[in-house]
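Next come two complexes built around chain A: one with chain B, the other with chain C.
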Partner chain A sequence: MLRTFLILASLAFSAATVGLSAAQDIRVPSSIAAGDEATISTTGSGKATFYLIGPSVSRKNDVNLGEEIKLQPRDVQIAGNYLALVCSGECRSANFYVSPAKPAALTFLVHPSRVPVAQGDAISGVAFPFDQFHNLVLAPLTVNFQLSVSNSAMFSRQVKTQDGAAWFRTSSGKSAGAVQAIATLNDVSTRRAVQQVASDPCNLRIKGERTKTGLLLETEPVHDCGGNIVPDGTIVTFTANEGDTRSTVDAPIKKGIARAQISGTAAATISVASGVVIGNELRIGAK
Partner chain B sequence: MKFTLPILLVAATVGLMVVALVSAGQAGGTVGIAAGSAISGLTPKASTPDQGLTNFLVDVQRRNWDRAFADLAKSSAPDKESFIQDWIGSNGSLRSFSNLESFEPRPMHANDNDAQMRVRLHWTTPVGPIEDVRDFQLAKEGDVWKVIWPKIQTLNVPAEVIPVTYLRWDLVTGTASEDWGSKNIDAPHVRIISMNAVDSAEGVVVMGEIVNEDTIPAFVNVNATVLDGSGKAIDDETSFDKIDHVLLPKQVSAYRIDFPNLNLRDVKNVRMDTKASLVPASADPVIGVMNQKVETDPQGKTVLRGDLMNESGQTVNIPHVIASFYDNNGKVIWVSDGYVDRALLPQSSEPFAVEVPRSLAGKVQGFHVVVNQYSLGRS
Partner chain C sequence: MQSASKILSYSNSRRGAAVVALVLACGFMLSAADTPVNVQLNLKKAGPRQVESLTEQAILRDYRLAWTSIAQAFETSSADPLEGPFAGEAKKQLVDVAIQQQQSGLSQRYLNQTHHLDAVFYAPEGDVMELHDTAEFQLEVSTGGKIIHQEHIVQHYVVLMTPAADRWVIRHLQAVPQF
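Take a look at the complex of A and B:
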């Protein structure tokens, strides 16, 4: 980095101090896209040395003044400012800018990977267009964002990129399941998935019966307020208060229902909770 | 004359050795490995209940089972295997990895023929020192005191098939693409639902409860940093084993973070930090916590007692109980924990007890118990 700067500074200084009265001249293209072939024309005659200095290139070769200098695609793959110099006793220089090529890839980040249903502004996504040489395309482009659940559209929006980024934010849907998120730019598209999961249990209800050894308790199918089945493995806490003793069981939901066995023969008041959600109370008489 | 000094030194040394060998067996108070005699032939005669119990416990401590068994009264006649298993544990329980470090016998009641002794047993275990209090009955047989060993209730687990809808979460690391943003799986969402900082005899204690709000299991750790008036960190600690680290969806666990040798008046602020990561986990085994009751134990301590009931078909080698206690406003005022030193066999129960500080006993209006479990060969 330091070496490049020193070369650049010394060559620029030479060009500024020596080259103004020289006969040779250098003409660079007004715009070049990354990876394109380009030519730099020179005037004058005789041998000269050509220097090309850019973000990822530092090149020197001999040229004949008056002939065109060909820039290979690999010389200008990285977008940014370039300096071209021709020296033959005196130096002439010119700057040119290589802009990103047309978008070839769309990087798409979606957050979060799991989201409870019916949450406001819960899903956000951002897309970055890149050309084939991984240059971020800064020119305004229109990205089409589409979210769908089970092939039914949930959200669609066209957003113009600003400084190489386009983004959206939206609420999660009402149904649990995988949300397909697609960002499309011309013929380029990228797909991501967001898992919509059931929210907190709603109307948590239990039923119970006495058995020979105690109580057999089970929930009704556990849903959230949107009717989505709460995922298996979610813990439901059953609490039985019998006089001054208490029994608790943390039971996981299996196939939509949580079950627990609690020993004891006395009259019991049963309560149920899952996380911070509390369900109904049940009173079961003594055996 | 020139032999006088060496003879005196040898005589004094021999005299001190004899005194040491004899007096060690008669030591009172805290004994343990220092008790008994270094040479087995010199074991003091069990002429008192205290000496009879000491001889027995020294033999147990040395795992000299033949001698320990011989220290039992004829009326006990237990099965020798069960007797040994009672002391050394089985099924990969915490007792299997423990050693009796020392013991403190205390007479409770004695007459000419029988006696009752209470012993505080100090165990060294992989999870730290554990104290156990046990009552022993002794009877005089001839002129020696012997320990009456109660009939051991061997737990008989009936042969049965327990159907399990095996619920488990595994982690799969994606390999298909290195594309930016294609592999992200968010860490589980956990939330501290309560926090309280109090002064205790050992220092400042930060405690509360944490819930896994997500639909996947989380490996959770809670860190706390205590700050002084200028916002400078005084100390930071983690919940270590005072938390149920693996929280299944919607599961709530108590946590407790100890800051020894710190006074709450030096603390201006506490910064809490939770760390949650994805972890493979199983929803089994389900352990019920039955017959929970706050009561006073024979030593006058307030304890929460109960029974752990293994409702699944897997053996839980080392159960760990973590209890949070609430005041009448539902605020967590204390968190206690304790390990159960016996394995929890399928469809069987084991008692547990955790202590409540005397100063808080009157304020306790509610409690919540979670059971952490360590099972050999399983995550």
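Take a look at the complex of A and C:
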């Protein structure tokens, strides 16, 4: 008789306990911005295990049902989808999204790092706004792109981000020098530099003289058609035709001038070229 | 002769049973990382640069590999599979999850993955591509070998990929409610 009573009492207690645990529910916030504090509310009573799985989090801890679960800012710094699970016998789940915080940084890619002057669509840039937790801000924002050479404006355009990206493309300027490229979004700005260099040589001219052993040749200062000095290292090819003999020397430009020495004593016709540009011809008599 | 035939028959039946057992065992041992990841890539919205054919193939290959790696990393709670296909913040975040899973005892299985990728932006110089992925998969969350959550997920991701030395890597992977 006593045994039967104990069994029934035990069953009743178990049923009550299960009933309390089964009553658990979980309620998550409808929206959270990255890095904000948040709370998840639970119903029921008794102990339970709480799991949080998100883009950069996977943790568990013990909670008391019926109490609020506080999410620290570091738990929800990364934008994306989060899964909250509360398990006590059975598990209840809820999903919520964390949205990016306000823009705090601009990733700005500019190409190329070195560009000849007066080239169409030669410079391009792309900007992506991120918040302080490196979440891509996808809401449309206006990015201001500005390019300048020696403090004189070369290009300016306001571009609205689409899917988190804003971009521009423009021609290079007329004069050689460092181009400052700036992308600005509210009080956030990022700078990049592009070196504009002279374009192909224009009016390539040479002069020469005979020496004891051959010919000493040099160009006049090599400019492009805009008057910019062609950068050092640009190769100039000197070709000497002496009767049936042909000699070729490649010489790099140094401080705007390329020099070459060609051996030989016969009368020679000298020609010069750099890239696709051909310069003047020079005739030098025999020694 | 008769006994030899019996022995052969017995041997065949044992071999058959062993094969069946092996197939069943393999079936049970099949991990999420072993299940194929289907990726479809749509380039109609890509611009301003046109996506070259070789780039298209590389994106398909590397995106599939990336999600195979995620499935493997989260199932085994190991950061090793994330070493190649990810860079920057994306890699850091995924590695954090794998490491925290080791501490919490949680693991996740991503089964039957299908990814519908739309390239929505390809930078003029080809140095970054933005993709929108509508991913579908079966998620299983386990702890201590017990499944505590199962869910069919349809999830949208915004993805930034950049070219590395020999592959395209995911630099940013962000789940969003909708595009």
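Convention: the second predicted complex is superposed on the first by the 217 of 287 C-alpha atoms of A that agree within 3 Å, B and C clash if a C-alpha of one lies under 4 Å from a C-alpha of the other, contacts with A are read in each partner's own complex, and residues count from 1 in each chain.
Here is the rule we use: a contact is a pair of C-beta atoms (placed from the backbone, for glycine too) under 8 Å apart; a residue touches a chain by one contact, two chains touch by 3 or more.
Keep in mind it's a predicted model, so treat the numbers as computed, not measured.
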{"item": "Touched partner set for A:Leu138, first chain B, second chain C, both or neither", "value": "second"}
{"item": "Touching partner for A:Ile235 - first (chain B), second (chain C), both, neither", "value": "first"}
{"item": "Touching partner for A:Arg59 - first (chain B), second (chain C), both, neither", "value": "second"}
{"item": "Which superposed partner A:Leu282 touches (first chain B, second chain C, both, neither)", "value": "neither"}
{"item": "Partner chain in contact with A:Cys91 - chain B first, chain C second, else both or neither", "value": "second"}
{"item": "Touched partner set for A:Gly264, first chain B, second chain C, both or neither", "value": "first"}
{"item": "Chain B versus chain C as contact partner of A:Leu215, first or second or both or neither", "value": "neither"}
{"item": "Which superposed partner A:Leu109 touches (first chain B, second chain C, both, neither)", "value": "both"}
{"item": "Chain A residues contacted in one complex by chain B, in the other by chain C", "value": "109, 111-112"}
{"item": "Residues of chain A defined as touching chain C within the complex", "value": "51, 53-60, 78-81, 83, 85, 87, 91, 93, 97, 109, 111-112, 121, 124, 126, 128, 134-136, 138, 162-165, 167, 169"}
{"item": "Contact set on chain B toward chain A in their complex", "value": "165, 167, 169, 179-182, 184-186, 193, 211-217, 248-252, 283-284, 286-293, 306, 309, 311, 367-371"}
{"item": "In the complex, chain A residues that touch chain B", "value": "107-114, 190, 192, 197-198, 200-201, 231-237, 244-252, 254-255, 260-264, 274-277"}
{"item": "Chain A partner contacts - residues on chain C that touch it in the complex", "value": "48, 89, 92-94, 96-97, 100-101, 103-106, 108, 120-121, 123-125, 127-128, 130, 132, 141, 143, 148-149, 151, 155, 158, 160, 172-177, 179"}
